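Accompanying notes for the structure given below.
Lettered A, B, C and D in written order, each chain numbered from 1.
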Amino acid sequence: MTVVDVGPVAAPPAGATLAERYAAVRAQTEALCAPLETEDYVVSTMTDVSPTKWHLAHTSWFFETFVLAPNDDAYVSPNPRYAFLFNSYYVQAGERHCRAKRGIVTRPTVAEVFAYRAHVDAAMHRLLAEVGDDASHPAYGVIELGLHHEQQHQELLVTDIKHVFWMNPLRPAYLPRVPERAAAAPLRWASFDEGVHHVGFAGPGFSFDNETPAHRVLVGAFRLASRCVTNGEWLAFVDDGGYRKPELWLSNGWATVQERRWEAPLYWERTPDGWTEFTLAGTAPLALAEPACHVSYYEADAFARWAGHRLPTEAEWEVAAERVPVDGRFVDARRFHPGPAPSVPNDVGLAQLYGDVWQWTGSAYVAYPGFRPSPGAIGEYNGKFMCDQWVLRGASCATPRSHARRTYRNFFPSDARWQFTGVRLAGEP
Amino acid sequence: MTVVDVGPVAAPPAGATLAERYAAVRAQTEALCAPLETEDYVVSTMTDVSPTKWHLAHTSWFFETFVLAPNDDAYVSPNPRYAFLFNSYYVQAGERHCRAKRGIVTRPTVAEVFAYRAHVDAAMHRLLAEVGDDASHPAYGVIELGLHHEQQHQELLVTDIKHVFWMNPLRPAYLPRVPERAAAAPLRWASFDEGVHHVGFAGPGFSFDNETPAHRVLVGAFRLASRCVTNGEWLAFVDDGGYRKPELWLSNGWATVQERRWEAPLYWERTPDGWTEFTLAGTAPLALAEPACHVSYYEADAFARWAGHRLPTEAEWEVAAERVPVDGRFVDARRFHPGPAPSVPNDVGLAQLYGDVWQWTGSAYVAYPGFRPSPGAIGEYNGKFMCDQWVLRGASCATPRSHARRTYRNFFPSDARWQFTGVRLAGEP
Amino acid sequence: MTVVDVGPVAAPPAGATLAERYAAVRAQTEALCAPLETEDYVVSTMTDVSPTKWHLAHTSWFFETFVLAPNDDAYVSPNPRYAFLFNSYYVQAGERHCRAKRGIVTRPTVAEVFAYRAHVDAAMHRLLAEVGDDASHPAYGVIELGLHHEQQHQELLVTDIKHVFWMNPLRPAYLPRVPERAAAAPLRWASFDEGVHHVGFAGPGFSFDNETPAHRVLVGAFRLASRCVTNGEWLAFVDDGGYRKPELWLSNGWATVQERRWEAPLYWERTPDGWTEFTLAGTAPLALAEPACHVSYYEADAFARWAGHRLPTEAEWEVAAERVPVDGRFVDARRFHPGPAPSVPNDVGLAQLYGDVWQWTGSAYVAYPGFRPSPGAIGEYNGKFMCDQWVLRGASCATPRSHARRTYRNFFPSDARWQFTGVRLAGEP
Amino acid sequence: MTVVDVGPVAAPPAGATLAERYAAVRAQTEALCAPLETEDYVVSTMTDVSPTKWHLAHTSWFFETFVLAPNDDAYVSPNPRYAFLFNSYYVQAGERHCRAKRGIVTRPTVAEVFAYRAHVDAAMHRLLAEVGDDASHPAYGVIELGLHHEQQHQELLVTDIKHVFWMNPLRPAYLPRVPERAAAAPLRWASFDEGVHHVGFAGPGFSFDNETPAHRVLVGAFRLASRCVTNGEWLAFVDDGGYRKPELWLSNGWATVQERRWEAPLYWERTPDGWTEFTLAGTAPLALAEPACHVSYYEADAFARWAGHRLPTEAEWEVAAERVPVDGRFVDARRFHPGPAPSVPNDVGLAQLYGDVWQWTGSAYVAYPGFRPSPGAIGEYNGKFMCDQWVLRGASCATPRSHARRTYRNFFPSDARWQFTGVRLAGEP
């Protein structure tokens, strides 16, 4: 795992206006593109991966469709076909281009996509001047949703470009190297008693609908690892034949291991000189003290079984994180932390909750009791994916810092590995 | 949905010995084959469906491998290749024949498979004479597991042969017709207050490992429908365009509906004379008062959304079923109920909990807190499937009555329809 | 390769009437089933392979559809759905059951299929009494076509059951063993000068439409091997790394070798005790003097290139065979030849032209100049397959002797191996 | 079909030196890229289609590998990984990048690829100065092959970019519009008597190996259409239900029509205002007098059957073209013909033999008698594709004029439609 350092983009100041936050988020997206050549924006290396150009356009389409169209009668799209090309999956927002074909569309060009962004931004700033910071304005909530949506795509953009560079035999680098951790903190266990807790988001501020409603949960006694599993620990699992022992794996997981010939996390390569890891800074020797990353749920679950532990539930994670501040090596925090982030335990004793890797939980991604998606196409945001996915908690080094949240429910299917995903162990006290 | 009536097989008497129970369960499996021709035993119509011949042999292999091999030094298998052919998925029990090829193996013949059963039975009865009813005997627990395992395959055998007959353009019948319900009971709602409950099996008697350990769960207030959704109610969903409205469906569900061109439950057919349903007694006009059956989780979830309700969680179902006796139209109870089973509400007001259709819950199939699978190959029974499946509760008309249990956790993936699966609605009070 | 010995079925006597020939061919089909168990009739092990039961019924459907329906007003099919189930590919004869699903249809049972045959035979014999040997009767030609069609299915039946038994881990045997050749005759070359020849069938007697019209072809000088390539010679190719050298293979052939991991002909297996070959008599040590069999066009072509020769064109083969009588180890000749057939060269010096293996030619299967298929559904017999296939000449040990003919054009795609197919080499003089 | 007009690239003058021809061909390739944006060079829309960037690099790799490496000790590749990335299918020239992944490789950039071309050109011109026009120089023949190879990729480049633009919902244009034919010449038939002819290339000058050796063929009497089938004639086939009548199609062709839902040639679209055709100049109303283009062999064969004719054999085509000069609307001839090419019959009465569309023949692509591929990796050029393809004769509007030749054997599989392929009818006199 390498740390993303995209340079001098200022985070929006505390107490920023909605217009300032809009400007900062949109600028951050474009700053992430600085290291790219025109060709890099165009392709998709697998169905999960979208072209950079598509991310840039889709996030603009979101504002166009859900903010400008209902609130600005004078707004005209630069090209009515963009609505077809850049709708991701909002069935109620009209016909869409097939996801599998995103990577073969060469026009609009990158320059045209940036012009599209500027066109949307100009209209948005006119509207933002009218909305101000009036949270009761009908556009306010959707604009805020659009900003968080764009931050999600910032992470995807980085995640996807890493895969694009990996699939290229020339293995280009997105970033210069930054120093890695010299040694991991010793693994400690924080213990928690049984209790009834509130789980889920109860405001104030922004959350996605899937974090609500907050509700009471009886959480049994448990303990949680003070930090994430390291590359060094994962290497021990590999060396012990972890990928060759069916008894460690879920049935589907074992089938996947065999079919795809997995022998290690994505981006690891065995060379005559030892294991390497492909990072955003190119191929590097495996950094043993860094958290293991780019592992699927199947691998996370098998590793935990091998280690004699288990994955935490999402309720356990959320309860444990209660007094831990959001801190870590976020994508937009890099300029403050030229070296690796300190893995200093907080008062609960837990490090690396945010900003290193997303942490797989043993909780399937289903609705909270009483969950109600938003009405209309916006309601397709989260609820319709509540099937065959697992919840991940925390945030990764590719997540924007202002996007991380204790109640955040990220979710991916069991075999997904191209995200910055890792493991924090749990168990009974 | 048709009722299975396999005739005069006596259930083991109350207080039966282990040997008597063994004899009764094994005889029941063979009784289920009475309506079949030799050819019917051989084929598989899709990967989920195993040949009848395979069910007959696999259940015998189970006793051979897990009971006779470790407990009877003198036991010799009639053919050492049977261990390869009839192991289903127990990786630790050795190499296996590929599941997808089960339906192309013509030898051993049906007669040879019955001889294999007799060979195993003879050895088992010698062993059973030694074990008696001594639950501390090392073989006792595994024999009991083997009987429940065989009962699961009894249900699968019936479920699979229904699919085999359906895929045949001649549409043979497995059973003679039995009368259907003339009218469904009115739908009522039973309400339950918030409370902390024990969920899971805490003995005495038999349970599968996945029902344990019993643990405390905070269940919020909820209400539960007094009976299952009927064919008539499902028809209203179909007629309202339920299969054509993406907003009702999970994202994967909608993709499945379009790809497989689903327009109604499996086994329904639209004809010039109205809807028909293929049943174990052949094709019949759709019986409106019978419970809707052969629906996937995707359909169950979409139907509930359309109806303005939701599926129950498995904890809710188990809490609600607390004072309801196990009764219904089970496969081996048919001789006691020549007509349809009464849908008479019990003191909790709930009917059709058992013996009509398995009921999809909104709970993903994951481990209970503190779950530990059995050691060795037997431990592959349940735990390794805890991924991308949903829990179903209750029991169907194809389930043996003595196999149904309040804490039973059946599980299938989101798109499975060939099982006897239906819907009971839930909601907030 | 093993020799088929199906016992005491008499070939129709020379000068037999049409009715006698009908009776003999139909009896021969049923005689081929003698070694089978009921279960063996039901399954299909790959798309190319049809169930025995299907062959029995389809050949009867052919007479029903193309002979009885237009010529016998009183004829009634025992089941009108049989026309759907047993039409192979005659689009103009109505809707058909999907080929890929032939192996999952358990009803009609085997007994019912034999009853269907008897039903058709009874009606056919009534009609045959009326037709006599009047070749001008409108039914005469189609009956003769139906007999040759049934003979093709006799070969397919044997070919297919061999694959069914091969795919069964128990490897059953269809036949008792017969002695194999002790040694192959030495390979000699017969030379032929350039000349213009008539190629194709010009009567009298029966031919398929694709053998017509006879036409003149300029055939350059060539030479042809006196016998087929042996297992021993093929083993040298295997041992020389023939399956691992891309320069020997067509591009598609090399892709196929790698994708399917071919290392030898179908039915060969490398064991600790040397190579074995699965035959109709079960698994046996590789018989080095027998002709190599069950090789695809890709393999035939690569072998020829490796050997420094080439495959013959179909015109070369036909010209060379001009004065060679039809003789060999045919399926229905076995009782006359209890030992292997003599490989005695005839006056042209060529042996094994018929009755051992079909011989791949380097001629693509396209229409002869002026080819006209028969009108109506019967015209779908041959012409619509003139694409992406190669012509094979001769006849195999599974071909009925009365079905072999010098102008016969058999055809299969480049990757087909389950037929009794081998290689005769050719080259420039 | 639209005409390619790529502007002011001078053809090499008659009597040009090898160095002049090299310079002209290389410049022509780059001139074809003039209308493209950087993004357009990167993608592949299906396996058959290569990125423009890949064509530019692969043709340079050909010179690097087969000319510079064996003849210029001092030559150093700019990047040793290019040999991996830009080898197409020459197994003997080393490992290759997977064809299916060509369209996801963003680096080297377009600018880097042009630099690669310049690097190769510089070394080539040093070598060409040494070679001069000495045909006995060991490099001479391979350089000439490399130029013809590059011309093949010029046609592919145009063909592929048309597909890339077609797959883009915005439907960009590659070229400005040029006028289309107002009316087709009337269809006449040229008749030819039976005779023995030499077929194949016998020099002097360049040919591919698959055109040799010239050999004698007996060609029966035949007649050939004076021009190609027009869009207007094809429309009559469509309107007559040609794509819905199985009796017109080869068996594989009918399966393809149904599976891919073909209703007309590739690039045709049915709109409320009538049929349109996507051309290199964008979408236009169907031009009825232009030759039908972008049809597969399956469609060509079905059309001919529907029309009561057949496709010519390749020998017939070559015999008929004997006294017809190479003329037509070639890609590099456009500046001489600002309007459509005249369809003026020559002295044999045949028009449109070259420069409009490739013409499917009914001849499978197999070796000529006595064919010997070149030794080494260069020998993989043609021979290894002699399987499951059909010969096409003539040349298309996307072919460079100096690349067309009477004996040229182009070849594609039965379902290929993205090439500029059409139909000329033939029949008996």
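Assume contacts are C-beta pairs under 8 Å (C-beta built on N, C-alpha and C of every residue); 3 or more make two chains touch, one makes a residue touch a chain.
Going by UniProt, the chains are A, B, C, D = Ergothioneine biosynthesis protein EgtB.
Please read these numbers as outputs of a predicted model, since none were measured by experiment.
Contact with both chain C and chain D is made by no chain of the assembly. The fewest steps needed to get from chain A to chain C, moving only between touching chains, is 2. Over half of the residue numbers at the interface between copies chain A and chain D are found on both sides, making the touching surfaces mostly the same.
Distance between chain centres (mean CA atoms), chain A to chain B: 39 Å. One inter-chain figure worth recording: chain B and chain D are separated by 60 Å, centre to centre, where each centre is the mean of the chain's CA atoms. Annotation: 47 Å between the Cα-based centres of chain B and chain C. Across the assembly, chain C contributes no residue in contact with two or more other chains.
Pairwise chain contacts in this structure: A-B, A-D, B-C, C-D. Here chain A touches chain D in the complex through residues 37-45, 53, 79, 81, 84-85, 97, 101, 103-110, 164, 167-170, 172, going by the rule given at the top.
By the touch rule above, chain B contacts chain A in their complex via residues 89, 91-92, 196, 215-218, 220, 246-247, 249-254, 297-298, 313, 362-364, 366-367, 369-370, 380, 384-388, 413-414, 428.
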